[in-house]
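Got some structures for you, see below.
The following pair of complexes shares a single chain, chain A, combined with chain B in the former and chain C in the latter.
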Partner chain A sequence: MLRLLARRLALGVLTVILVSVIIFAGVEVLPGDACTAYLERDAEGPILEACQERLGLDRPAYIRYFEWIGAAVSGDLGMSVGGNQSVAELVGDRLANSLILAAAAIVTGVPLAIFLGAVTGLWRDRPIDLVVSTTAIFAMTVPEFVTATVLILIFSVWLGLLPGIVLTPPDAPVAEFFPEILLPVIVLAMVMTAHILRMVRSSVISVMSGEYVQMAVLKGVPYWQIVFRHAIPNALLPAINVVALTIAWLLGGVVVIEVVFNYPGLGRMMVDSIADQDLPTVQAIALIVATVYVGVNLAADILTMFANPRLRTQLMR
Partner chain B sequence: MNNSPLLQIDRISIGFRASTGQILPVLRDVSLQLSRGQSLGIVGESGSGKSTVVLAAMGFLKHGLQLISGSVSFDGNNMFELSGKELEKLRGGKIALIPQNSGQSLTPSLKIGTQLTEVLKLHTGLSNDQYMDRIIELLGLVRLPDPEAIAKRYPHELSGGQQQRAAIAMALAGDADVLLLDEPTTGLDVTTQAHILELLRDLSIERNMAMAYVSHDLGAIARVCDNVMVMYAGEAILEGSTRQVLTSPFHPYARGLLASIPKLNDPRLPVALDGRPPAPGLAGEGCAFVSRCAIASDRCHREHPEMQATPGGTLRCHHYKDSERISITGTGAQPARAQATDQMSLVLDSLSISYHIPSFFDSLFGAKQEIPNTVDDISVKVTKGETLGLVGESGSGKSTILKTVAGLLPLRSGSVKTGDGKELPPRVEHRESRQLQSIQLIFQNPDESLNPRHTVAQILGQPLGLYFGLRGKEGEARSIEILRRVRLGGHYMDRLPSQLSGGEKQRVAIARAFAANPELVLCDEITSALDVSVQAAVIDLLNELKKEHGTNFIFVSHDLAVVRALSDRVAVLYQGRLCEIGPSDQVYALPSHPYTEVLLGAVLEPDPDVAPKLLAEDVVELSPPARGCPFQRRCPRRLGSVCDNQEPPWQQSEDRHFIRCHIPIEELHGAQVEDAA
Partner chain C sequence: MADQAVNPARTASSMRWLIVLKDIWARPSGAIGLSIVTFHILLAVLSPLITPYDYREIDAFNILSGPSAAHWFGTDDLGRDIFSRMMLGGREALIVTGIATPIAVLWGGFVGILFGLIGGRIDEFLMRIVDAFLSLPWILKMLVLIVTFGSGNAVLIPTLAFFYGIPVIRIARAATHDVVARDFVSAAKARGHPRFSIISRELLPNVMDTLMVEGAMRWSWMLLAFSSLSFLGFGVSPPTPDWGLMIKETRAYLTFAPWGALGPVILLSSLIIGINLTADGLAKALGIDRAQKAPV
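The block that comes next holds the complex of A and B.
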């Protein structure tokens, strides 16, 4: 049991280490470095060399990698090139904002998706299924920025109910993002609900037509007891991983949404830092996103193991 | 005792709406009656509507089916007019079902005890604190070891036989008056099946229940039923006492069915029943069986026979008086036997296989566990033209050995050599084209082994193109020739697997193997998924191919009679270890190894007078013992500690007949003759 957890954890750490190497190498092969970005047009000859020497950029890549990763583990992500501010501080605020956005989308989206998935699965091919499923396909296929723009048009321009863009500064307390955060949350929740709901729907359909549900009917078990005891718990198992992927996608920074709504999250910061050639920040964000991705998927796998009696008993052995 | 029927099905017809809008019947005018203490067997091939009948008895129709006419009355209730609430009260209570596949029918996320509690809550007046006692009582009743522990387990933690017993306990939990059984032992090992049938027989007598037992297995029916109803193409065509129906039925179909069953004590091949039943809605005006009947007349084409009372039971046939012209004993071809030769075709040299492959992390953490090999120390020489049968219960390693020979599973030690003494690379990726071509594998289920999007022409074209470079016209001509050899015509070339019947699909799979012109064909339970009449045709086909081409077969099956019909030699395996190997006639005539004796004793014959001999418990062992004889824990002739600690020696009985046991052969023979007397 512990061994298996340790094994999965070790694999996760290994993945993050590999990703960090790739990030570092990727940034390394880009033309230019922190000094060329900082000095801009002056980046030439002795000035550049002096700068590189001051920042230690003249040393071999592997030494700088270990320095970077060592510092990152202790929470020091270096200094931002432009503002001479600590990357950890900058990124910290943005990460918190992204987490708030993601959490709000998850809290609304996941229960809604499971509920609608079960409803459409149980009333398959009835009017309610057709309406919800068609809407879901729309939500999945129409690009988020189109949905976002349409919602801004309806709710802020025409109805004037909600603000269309976020003007709150990144380091403001959570409460101040309300009600500006509502529209981005709605768009994100729509997309993720659509994905998860379709998975839950097909899973419910296959479980409900399965042999053990038929057996429960022939045992005289009342319909709703069959749904809640026999069908739903088994139908949700395959949904766990889809939920995890969706959550990872959310936390990984939803660039388009953040840009459309001017939301000060990680994704927008990533785009801005790339434009500014702020390499330490780019590296830091990429590393955080990768860690979150690995972490969420690991959590989902472990949850699946505990939720599925088949896997759980294997673990306990 | 009240003797009016408890369950009365009166002329029900059930059908589905086809895409054309017509309602096509899958069940036509079926009637049956069942009183307390009676047991009725319902037999028929797949698609005959036998399961639909028992489900209809509970007022249940599968998705897409509808009641066309007729009624089902159970204990005074019209099952198709009751409300949902009233049905819930009866189902699982007074009328209960034991499903075919308990592994699939028990909810995987609920413990056995929880699922039993559910029934007790719904159908008995017991109070909360009485549930556990009753559950333990029920699980003990179906002879599950350690009921307390079983109640706390999830379905997947039980073996197939234990799951089936748990399902029986669930059906008994509501104090059923009528027990409906839908192929309850299909898919179980012979030993397990025999034990479960004995249990059902005892229970029905003890509790004076009525039972309707659906099965395609006449051997099982013979053990538990007083009366039998034979179904064909959605109709009941014969109903009578079990003895009458199984020994001298008057209906041509029932006679054909009996003739197509391979028999353990008769080495002759079974007789195939050609053709197949009409699809729903295509039965025409006359008798549904007319196209396959040997004694059909013009009248049979024109006039649909009604059920009529005859001295041999109620039946549907115009010419039942002439039916005796159809033989019911195996008068099929003599099995082809290979000539004795010293030329080898395949040599397995102390082959050991383990499923436990140390992973990267195991070696990283230095975990070292001594797990006994799944298959251990198998040495067999297959001579040219010979067919070797592998038998044993599930988990005996028979399929594992086949997969290793085919290169699909890695071996742990030992080697697989071809006839010329060359070692075959253990993994299929490392084998040369020539070696790949010479060994072909046929799988159990053609639905899964044939690509559903490939036509028969594409399926056969692949090996022809790959091994012989035959493409285009040449390849096509060769494909048609091969199709003819498996008795399918050239007009099958453009069909997709979904447009073929089960038997035809398996023939295409056999044709694909033969397209490679192999020296050795590995057959993994290839007749298990087929109906008996179709199975007989496939057995006949393999026999012909063997005669014509001298191909070697390794034939794996859990059906001992099928293995006997095809094999020159039989190897008996237990827990991946060889117990006995010898010419099949000798092994079957006088089994020497105690395990062979147990296996053969448990086989059910379609004869109400032959009871199986249950010599050992049907416990499933998860892994072989670390030392001594693999069969030590279940052996009815166990000697003592010598069996537990020492590997039994090989003893030679007669020429090429070997057994591996501590008891001297003469003693074994003597004891068996004594027991038989």
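The block that comes next holds the complex of A and C.
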């Protein structure tokens, strides 16, 4: 068990290291560097060389990689190209905003998904299942920007209930994002709920047809006791990984939603910095998002290990 | 005639896909999905012949007009006929994803089968590289390439095909692992068949079904990515009509001319839902469990 845990941790670290190599190599291979982005049309001859010397870009790539990754580990993500600001400072507020958005969506989406997943699994093929499952298919297949546009049309243009766009500056305190944050949270939570509830549903169905549930039925255990004591806890086990994948997707892939609602999160910053060819910022955001992705998946694997009765008893021995 | 007699395997396999198609059609959701996809393909092929207006035709006296007999879905901010533009709006997306999807499935499938066949530590390490690629958000990878090399189809097709082939590696490798331990593969190895012939004659036919389902799903995700890129302003460039781009354009005047968004929203959503329903039907017809699938 401990060996399994250590192995999984080592694989996670290896993946993050590989990601950092890919990010660095990717930026190296692409034409242009921090100097060509900063100098724009003046980027030629002695000016370019002087700039590259000043930023140390004339040194071999592997030295710069170790410098970059070494500094990143200690929290120094370098300087942004445009405003000569530190990337860590720029990214900090945005990351916090994205985390707030994600947390709100997780807090509403996950319980709702487990509830709906259990309901649709227990009443399989009944009207309630058909309605919820069909809605879920719509929510998970229709592009986020379409869902968002339709919701803006309904809730802010026609009904005038909720603001359709966020105007609060990135460094404002959390409270000021209310009620602007509501629509983005609803869109995110919808997509998330749909993915997780499908998983919980199929998992509940397979657990309910398991032998130990039949055994409990034959022993005369009341139906709801079977559902709550035996079926749902076991059904949630395989759902942990989907929740993790969804959360990881949420942190990295909310780009479109953030752009639609003008929400000042990490995703929108990513699009802006790519468009501005602000490579240090792009590298930093990529590294953060990938690390979170690997970390969340790692946490899910470890959680599954501990929640799995067979592995748990092995550990206790 | 002679060809058919010599090659019974080919007839058998095309018969099989016909049966699979019938199986998809037999389910209500599959029938709806197939109809929607067929409708969209027909629309994409025929639309240049049947649109009432040229998609570039500007009517300066009819800007942002509501639905009327002359313009069924109204006009946009340049006075162009929205109905004509939305009929044409899926063509770019279908052409680009229609070329990129098979390439993605082919290269990803081939590499995945190869990894699965190699196995051992090399395979484990190579899969970590695949994981590392997958941990970066798709939009970041795509945008960096598009901003560097431009957003024409010559950039979009290879970029989509490359990045959407990577998750296919995972699927193909897992499917290969299930097959590779079976007796007929060991027998082929023992007989000393070269690696290429083991892949093409023993592994590929057994992994094919999984790859077909995966390809159908990749197609819908690729469409989603393509339209999202257009929406963000990095995909199709104006004046070419595209649903994602049209939805982006209508957002500026959503408060006073919301009808422009309606057509593209319905068409784009229906196409992606149609592909998903077809893919689900295909998975069921081939007996492949796709329920335990997460995003990404």
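We adopt the following convention: the second predicted complex is superposed on the first by the 308 of 317 C-alpha atoms of A that agree within 3 Å, B and C clash if a C-alpha of one lies under 4 Å from a C-alpha of the other, contacts with A are read in each partner's own complex, and residues count from 1 in each chain.
In the analysis below, contacts are C-beta pairs under 8 Å (C-beta built on N, C-alpha and C of every residue); 3 or more make two chains touch, one makes a residue touch a chain.
If you're wondering where the values come from, they're calculated on a predicted model, not measured in any experiment.
Once chain A of one complex is fitted onto chain A of the other, the partner contacts of A:7 are limited to chain B, with no touch recorded for chain C. Comparing chain B with chain C, more residues of chain A are touched by C. In the superposed pair of complexes, A:157 makes contact with chain C only, with no contact to chain B. By the touch criterion defined above, A:223 reaches chain B but does not reach chain C. Once the two complexes are overlaid on the shared chain, A:209 sits against chain B while remaining clear of chain C.
Common to the chain B-facing and chain C-facing surfaces of chain A is no residue whatsoever. Against chain B, the residues of chain A that register as touching in their complex are 3, 7, 10, 209-212, 214-223, 225, 229-230, 233-234, 308-310, 313.
Residues 55, 58, 60, 62-63, 84, 87-93, 96-97, 99, 101, 104-110, 118-119, 122-123, 154, 156-157, 170, 174, 361, 365, 367 of chain B are the ones that touch chain A when the two sit in their complex.
Residue ranges of chain C in contact with chain A, taken from their complex: 128-129, 131-133, 135-140, 143-145, 147-148, 220, 224, 227-228, 231-232, 244, 247-248, 250-251, 254-255, 258, 261, 265, 268-269, 272-273, 276-277, 291-292, 294-296. Every residue of chain A that touches chain C in the complex is listed here, in rising order: 11, 14-16, 18-19, 21-23, 26, 30-32, 137-138, 140-146, 149-150, 152-153, 157, 195, 198-199, 202, 238, 241-242, 245-246, 248-249, 252-253, 255-256, 259, 267, 270-271, 274-275, 277, 282, 285-286, 289-290, 293-294.
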